[in-house]
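I have a structure I would like to understand better, so I am pasting it below and will then ask my questions one at a time.
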Amino acid sequence: MPIVSDTIEIRVRYSEVDSFGYLHHARYFVFFEMGRTELLRRAGIAYRDMESRGLFYVVASLQCRYRAPGRYDDVLMLTTRTDRFTRVRVDHGYELRRGETLLAEASSTLVLVGRDGRPTTLPEDLYQVLGGEAEGRG
Amino acid sequence: MPIVSDTIEIRVRYSEVDSFGYLHHARYFVFFEMGRTELLRRAGIAYRDMESRGLFYVVASLQCRYRAPGRYDDVLMLTTRTDRFTRVRVDHGYELRRGETLLAEASSTLVLVGRDGRPTTLPEDLYQVLGGEAEGRG
Amino acid sequence: MPIVSDTIEIRVRYSEVDSFGYLHHARYFVFFEMGRTELLRRAGIAYRDMESRGLFYVVASLQCRYRAPGRYDDVLMLTTRTDRFTRVRVDHGYELRRGETLLAEASSTLVLVGRDGRPTTLPEDLYQVLGGEAEGRG
Amino acid sequence: MPIVSDTIEIRVRYSEVDSFGYLHHARYFVFFEMGRTELLRRAGIAYRDMESRGLFYVVASLQCRYRAPGRYDDVLMLTTRTDRFTRVRVDHGYELRRGETLLAEASSTLVLVGRDGRPTTLPEDLYQVLGGEAEGRG
């Protein structure tokens, strides 16, 4: 992928904070999903166009380490990077920060499936737009 | 912990399913949190009573592997177990199933903090109720 | 509808409570949706079977008055009733209580649409199961 | 209130869309809450500063009419306006659009409470910043 990393800004919503005043741990994964969407968009692809072609990325595994709490109204910076990319799966890494403070580090593996939910292969045009090497070398 | 494992039933809500028809991957962590709450309750402790004593468990790390999708209106069985338990942290494991089908396996580490968000130690009474060994042996 | 009212029990999850300690106002609508699903099920119909026939209820309007706050771990009773039912729309009323305390009163109008999102009419078999009067009288 | 209206842009997240592909009806209220937060910020007040002074707005009633569906990745414009403002309550109106298309119209009443959850009165400094008329005239 030529676009190997992208950073977006996210403001923490009131409804995302728990009764202890912390950004709820499950919400981080919604942010990471936003990071993936924007990384794909910067590569020139809207995920909803992939879906309309019958191509869906589903999450196969996730890991997250929480370093410091996020709070309501915090402006956070999320950096999403592509660590590994093939025709059938993609691995991402994530770092969520508030200024210099690291809030969380995470990684995920997604696999590509078709409308039937079965693993499928990225068509050559999308594979190349996303930076995969051309057939015969990849 | 004498209560090392507990299983609860959860029905997937309409609002928890994504546009592909799958239980959204971030919702699993809300289920795991419900599992922890019920495991604690079976040991005789309501988490909200811990909170009113100024004791809060915050998530330090999470891992999840997704094996098969959940869908709207599925009745799932979540088994939550305590893998390790000390005065300052607790490790849990989770298995989410629909009938015989394993949907997800996960694990988490929680650390105990006080109202100020700093790590603290479980008072002796709670530690023993939760099955920790008595002082001098533990 | 012969099944004009149904009451379900809902325990408030940790992730549903805001930083003030109150059940977040938007979550009530997720509960009301659960109430509708269960009311339909008691009439003998699973909403996901309707969806697989290409029939979808979409929300056209909602109103809610909040009387008292819900809190984490509260066990609430939600009563959902059908106030008006035709082949193209259904009006519901809701009362959410904790013991004797009324937390919220609400109402909604749903309209039936097909896969294309356009208004459609309930097939005669479903209409009668749901308690509509037979053709010629309804 | 001198700042009687404000418009913000919101992109619909994947996790906010239901299995029919529509922005879930309960999510609109999270957007309206974001609209209120930004309207307050434009008036020079961060809601979390109000909270740290022990002042909380809680929702007393909500109404919403849904005109057209929102979808994943839509860029929506939310206009939030103040319709009525006193020391103890505030009424807002909302219009959510995608380009020229009106998706939803809504209104809400919020009441001001203290840490104990009981109704309270806005201090004079905040009341005037928010555009209330000076004591003796208001």
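Per-chain numbering from 1; labels A, B, C and D assigned in written order.
The rule is short, and it goes like this: a residue touches a chain if its C-beta (ideal position, glycine included) is under 8 Å from a C-beta of that chain, and two chains touch if they have at least 3 such contacts.
As the structure is a computational prediction, the values presented were derived from the model and not from experiment.
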item	value
Most widely separated chain from chain A, with each centre as the mean of CA atoms	C
Superposition of chain A upon chain B: rotation angle, C-alpha, nearest 5 degrees	180
Approximate Å spacing (C-alpha centroids) for the pair chain A, chain B	25
Cα-centroid distance, chain B relative to chain D, in whole angstrom	34
Separation of chain A from chain D, taking each centre as the mean of its C-alpha atoms, in whole Å	30
Interface hub residues of chain B, defined as touching at least two other chains	14-15, 19-20, 26, 30, 33, 72
Sites on chain B touched by chain D in the complex	14-15, 17-21, 24, 26, 72
List of chain A residues in touch with chain D within their complex	13-15, 30, 33-34, 37, 46-48, 71-73
Chain D-facing residues of chain C, complex	19-20, 22, 25-27, 29-30, 33, 51, 56, 58-66, 69, 117
